[in-house]
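Two complexes come next, and they have one chain in common, subunit A, joined by subunit B in the first and subunit C in the second.
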Partner chain A sequence: MSITLDQVTKRYEGSTVVNDVSLEVGEGEFFVLLGPSGSGKSTLLRAIAGLTGVDHGRIALHNQDVTHLSARERGVGLVFQNYALFRHMTVADNIEFALRVRRMRRAERIARRKELLRLVALEGMDDRLPTQLSGGQQQRVAVARALAHKPQVLLLDEPFGALDAKIREELRRTIRQVQRELKITTVLVTHDQEEAFALADRIGVMNLGRLLETGRPDELYARPATRFVATFLGAANLLLARQTPQGIHFGAMPVNARLAERLDGGRSHEVVAVLRPEEIELAPTRDTLKTNYIAQGVVEETIFTGALERMRVRLDHGSTGAQLAATDGNAGASIIEVTRTQHEHRTFPVSLGQAVAIGVRRIHVLPTPLSSYTAWAPDAAAAARLAEHPFLAELAARMKTRIACRPEPALDNPIDSDVQLDNISGVAVIEAHPEAIDRIEWLLHNGAGEVMVLPPLAGAPHRVLIHWADDSARRSTLAVAASLLRHVTAEAVYLGILPQNVSDTQRPMGVRSLLDARSEAQAVHGLDMRTELRFGVAAEELRRQLEDAPEQMLILGISDLDALHEGYGPLFAGATRHAMMVVYRPAGEAAGQQLIGEERLAMSES
Partner chain B sequence: MAGGPSKALLAELATRPGRDTLASTATKGAFIAVSLLFLAALLFAPLVMVFATALSKGVLPYLQSFQDADTVAAIRLTLVTAAIVVPLNTVFGIAAAWAIAKFEFRGKSVLITLIDLPIAVSPVIAGLIYVLLFGIQGWFGLWLQEHNFSIIFALPGIVIATLFVTLPYVARELIPLMQQLGNDEEEAAITLGAGGLMTFFRVTLPKIRWGLVYGVILCNARAMGEFGAVSVVSGHIRGLTTTMPLHVEILYNEYNFVGAFAVASLLTLLAVLTLVIKTLVEWRTGYRKR
Partner chain C sequence: MNAVRAPSILPGFGMTLGFSTFFLCAIVLIPLAALVMRTATMGWEEFLAIVLDERAVASYRLSFGAALLAAFINSVFGFVVAWTLVRYEFPGRKLIDAFIDMPFALPTAVSGIALTAVFAENGPLGQLLAAYGIRVAYTWVGIVVALTLIGLPFVVRSVQPALLEVQRDLEDAAETLGAGRFYTFRRIILPTVLPALLTGFTMAFARGVGEYGSVIFIAGNLPFETEITPLLIVIKLEEFDYAGAAALGFIMLVISFVMLLSINLLQAWGRRRMVAAGR
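Right after this comes the complex of A and B.
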């Protein structure tokens, strides 16, 4: 491996800028770090170069640990967004700087400089000063300068940021060419997805300091695993759907029955479906669609953009009940984006306000177990109040999902209630309550997979404690934790708790299970977490940990409802400052859990 | 790029709103006239007066006044003081500017304010502070006397007072410049393998050299011309602790107008020279125009 990052963490003034990033970049690979501004990508690049220290973790270049080497000794080539050429030196002096530092002989220096100038197509510019060059030319000089000492790694920090679109494209081609010719391992940082697609062998998407996903550009685009990547890489419509043995349902519409075998333990559950705008087909009526029908809609807006026509179509809830994962402010407004080619436009021209049938060529279901949130309360006012909880609202906004309200009088007396609930979807959220445990149990019993207890004072956590009562809940708990942690800037800590009286011979087993948990979280869910081993009664130990600091959250995995009631009742009754989430999968479903995190489905046009 | 007006021209056009009407032309003329009038009355007239008085009895008496032993001593003392003060304040200025422009630390704003303090404090007060500290009745006065070392009414006092007064000039010049130029070139140099000293001398110093030259010139001009603070600590011992400005006053009070104005003309020449170099520096860098 050319570059290896192992759990690199950088904190700055109290906030975590880079959060537990692990990454391997292969020899000669062109890797693009993509993310919005403030996602920590530039900081990570500077950490690789050695210009920024890290608080935790390890950095290796060519299998040599350089974590504690200075930038000078690492000797990587670095290109800055604003060129950072030495303004008082000529092009020749700029390029030869690294060679002079290394006391290379004059003749060799000149030869190397000529070679580099040819490489970046700037022959004959040797005696110019940087101010006499255009922006694009200056950046070419910067690239040549960074390559002069034959670094083994080239790092580029938004190198096209300050350039016009035309020059950008030209320079992009040059850099790709140079990279191919020299076969140098390259990491480029950008916020521009088009740039990432054009250059990368592999892309890593960062947000909130975390590296969310890495993969080939086409793979990431076609099969993102997270909402953020789905919406950041190109446009995406996120729709809530139900996955049942009959296939994917948007409201009442089953879309494809062939997907039945991929079900999560046979349980009907809510999923988030990604519909790319270009995969959506419009037709005058349902019967004229060539693809799977999902809903009726009304055309709200069309924009001509040259090659493509971009449209916004309002979904008609009445016909099918298909709904968007995210509601954009005004209630019931659910707009999906559609792009059509000139050819499609000619075959079926539409006008504003026209009713159309919407079909979809390809659906990708996100493997996230957290689809949406539902605020449960005994009456409507309490449910509405709960839905406005700042932490819940922030979480839903970051996950681009909706919060539904569900008043349910039976919650007041769940033990004696014989109300049977159906269609529990997403995470059920309830208020803190002395009898919270009964409500949790009742909701889980009725089919909820996750219940979150949210006290009024709970804020965004800095630390998320993860624990599962028994090993069969491990996988689902990790999946939920990974999904949640992508959307909060918190560190994840797995607490392994052994009974107080455990014998010395069993202790190594405890440590081993911690390590297993950690490597599984990393390998299957891309979640880097710390692990801690404690001794005592699980519920008490968790309470003690939570009392340590106010800004924490607990994710508890269980597979046995009786154990929940007996062991954790007081823990949930005492929830006053911390959000607590219970993840429940009956032990029998454990086999089906295999598919979470891996299930990826694609539908071809049929 | 070929064709079209230059970027600088277009930028200038954008900063001049309004149209060329008769009224605007008249306003422009009035403003220029007022400025010139002030300059003439307050600057050029005294300047001319200095040389006119110095040469009023002819060139020979003018030149002879420089042969006076006390005058030579005053000139020498001024030069020695400047030679000590200017390098020290240059080092301080670069260090302070570097710290402020490149690092974030607690009390940074306090440091910036403190650097400006000598400009806010009256120089006479500054001088008095040192008299109170190091004078015979001062805090360290007795100790200094026991060790047979005099600061007040001697060269060290003059140097310290001048150091205080001229402290801000280099730093104030460099701080905005270094903040504007950023840290990227230094970081680039480091990734290319340059060490700390090499980065400083090959990258940082050339980058800030014109700002530094300007700061040093201002610092020097002030160091040679300082009157108030030095006057308090020097004790006016002729031929020993009088600097040029003090000597001018002494000669003037003795009705030796030619001598006084001859020395004054030297200081004036220094001022003119400073202005010329300043203009050159600004023309050379152009960073102020941006």
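Right after this comes the complex of A and C.
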């Protein structure tokens, strides 16, 4: 491996800028780190270069640990957004800088310089000053300068940021050519997904300091695993749907019956579906659609962009009975984006305000177990108040999902007439109070998979504690934790708790389960978490940990409702400042749930 | 030049040029011309006698020597101060930044008296130094100290903006290319701020040559030893020897002009050499 990052963490003044990033970049690979500004991608690049130290983790270049080496000693080439050329030196002196530092002989220096100038197509510019060059030329000089000392890896920090579109494209091509010719391992940082697609062998998407997903550009686009990647890499409509043994439903509308055989009869549950704008078809009526009908809609906006026509279509809930809930979480919740080719436009021209039937060619279902939130409270007003809880609102906004409000039925009426088993979907959220445990049990018993207990003052956590009552809850708990942690800047800690009087022969088992948990989190979810082993009564140990510091959150996995009451009841009875989420999958069902992760629905147009 | 070809949005090039010329004449050129005229009333021999008088020559050496030395000291310390202020965030940074300008605002006599109080043999610092046999007050060292105080803001204020322009990225680039700290400083940072540093040096020097108020208190004003030329001029004036005072003033004017001109030429030459290298 050319570059190996192992659990690299960087903090600035208490906030975690780079959070447990592990990554391997292969020999000669062109890797693009993509993310919005503030996602930590530039900091990560500077850490690789050695310009920024790391607080935790290791960095290796060509299998040699360089974590504690300075930038000087690492021998990397770095290109900056603003070129950072030495303006009082000529192009030749700039390029030869690294060679002079290394006391290379004059003849060799000149030969190397000429070679580099040829490589970046700037022959004959040796004696110019940087100020006499255009922006594109300056950046070429910067690339040549960064390559002069034959670095092991080439790092580029938003190298095209300051250039206009045309020169950008030209320079992009040059850099790709140079990279191919030298076969040098390259990492480029950008916020521009088009740039990432054009250059990358592999893309890594960062957000909130975490490396969310890595993969080939086409793979990431077609099969993102997270909402963030789905929406950041191209446009995406995220819709809430139900997955049942019969297939995917948008409201009452089953989309594809063939789906059934790929599912294994688990209970019906809510999922997040990705509909790319270009996979959506519009037609005058439902019968004229060539693809799977999902709903009626009204055209709200059309924009002509040359090759494509971009539209916004408002879904009409009433017309089909389809409860189509876009997961935007805001007022424009039921607007979906559609792009059509010129050909499609000619076949079916539409005008503003026109009613259309909406079909979809291809649906991708995100493997996230957290689809949406529902605030449960004794009455509608209290539920609405709970839905406005700052932490919940922020979490929902970051997850681009909605918060629904439900008045609770009386507890002694196990299944209320309007609360269907199916209707408890997504994460149920309740306010913390001394009898919360009864409420949790009722919700879990009636079909909820996750219940979050939210004290009024709970804020965004700095640390998320993860614990499960027994190993059969591991998978589901890790999936929920990973999904949640992608949307908060917190460190993850798994607490394994063994009884105080555990025998010596059992101790290694405890350690082993920690390692299993950690490797599963890493392998399946790309989530790096710390692990700690404690001895004592689980509930007491967890309480102690929670009282230890402010701004924490607990994720507790169980596979047996009785175990919840007996083992963890006291945890919910007392006053707490921390949000706590209970993840419940009945033992036996947990295994079946896993399939959803890899589920993808590809449908032919016919 | 650009103003002639491309008028700015504010009109009135003619008016502003006229005003500048008038103002320069009224405030600078005419008084200087008067000085020259006054000197011209003297005979050649008389002029030489005053100007080449041993006491006068000693005072030139002291005035220009001390100003030059102070300007050098300021170039080093002013650079460090500017560097600290630009590069580091620390509590009290704004306050220190404001203090830099104090020598500008303080009446020079006040700083002179203050320095004398501190460096006199019974003053707090003077006592300390006296223990090592170093005398500051009433020696040429005191003069250099006073001129350093007066000149510091010039260097700091001219280097500060230049340092702001040296982006961190340049140093980072140099480091990734394998340069050590000293190499980076010598080859990257210093060349970038050198013109500004030279400007600061020139201003501090010019100010030092003309300084009077702060020096006379700390200098002790012994003829041949700690007597600066401006003081000599004042002495002549007090003796109603206006012509003599004008003659000394004229000499100061000539020497200052030659020195400032050569520094400016040096700077221009440096700039040209840099551009020439680009061809």
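Heads up, the rule we're going with is that the second predicted complex is superposed on the first by the 564 of 606 C-alpha atoms of A that agree within 3 Å, B and C clash if a C-alpha of one lies under 4 Å from a C-alpha of the other, contacts with A are read in each partner's own complex, and residues count from 1 in each chain.
FYI, a contact is a pair of C-beta atoms (placed from the backbone, for glycine too) under 8 Å apart; a residue touches a chain by one contact, two chains touch by 3 or more.
As the structure is a computational prediction, the values presented were derived from the model and not from experiment.
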In the superposed model built on subunit A, check whether subunit B and subunit C fit or clash. clash
Could you tell me if A:R118 is touching subunit B, subunit C, both of them or neither one (first, second, both, neither)? neither
Touched partner set for A:H149, first subunit B, second subunit C, both or neither: both
Kindly classify A:L78 by the partners it touches after superposition: subunit B alone (first), subunit C alone (second), both, or neither? both
First (subunit B), second (subunit C), both or neither: which does A:L129 touch? second
Per the contact definition in the header, classify A:T90: touching subunit B only (first), subunit C only (second), both, or neither. second
With the two structures laid over each other on chain A, which partner does A:L51 touch: subunit B (first), subunit C (second), both, or neither? both
Check subunit A for residues that touch subunit B in one structure and subunit C in the other, and list them. 49-51, 70-72, 74-78, 80, 82, 84, 86-88, 97-98, 101-102, 145-146, 148-149
Mind pulling up the subunit A residues that touch subunit B in the complex? 49-51, 70-72, 74-78, 80, 82, 84-89, 97-98, 101-102, 134, 142, 145-146, 148-149
Listed in rising order, the residues of subunit A that touch subunit C in the complex are 46, 49-51, 70-72, 74-78, 80, 82, 84, 86-88, 90, 97-98, 101-102, 127-129, 132, 145-146, 148-149
Interface residues, subunit C side, partner subunit A - complex: 167, 169-170, 172-180, 183, 187-188, 191-192, 274-275, 277-279
Which residues of subunit B touch subunit A in the complex? 1, 182, 184-185, 187-195, 198, 202-203, 206-207, 209
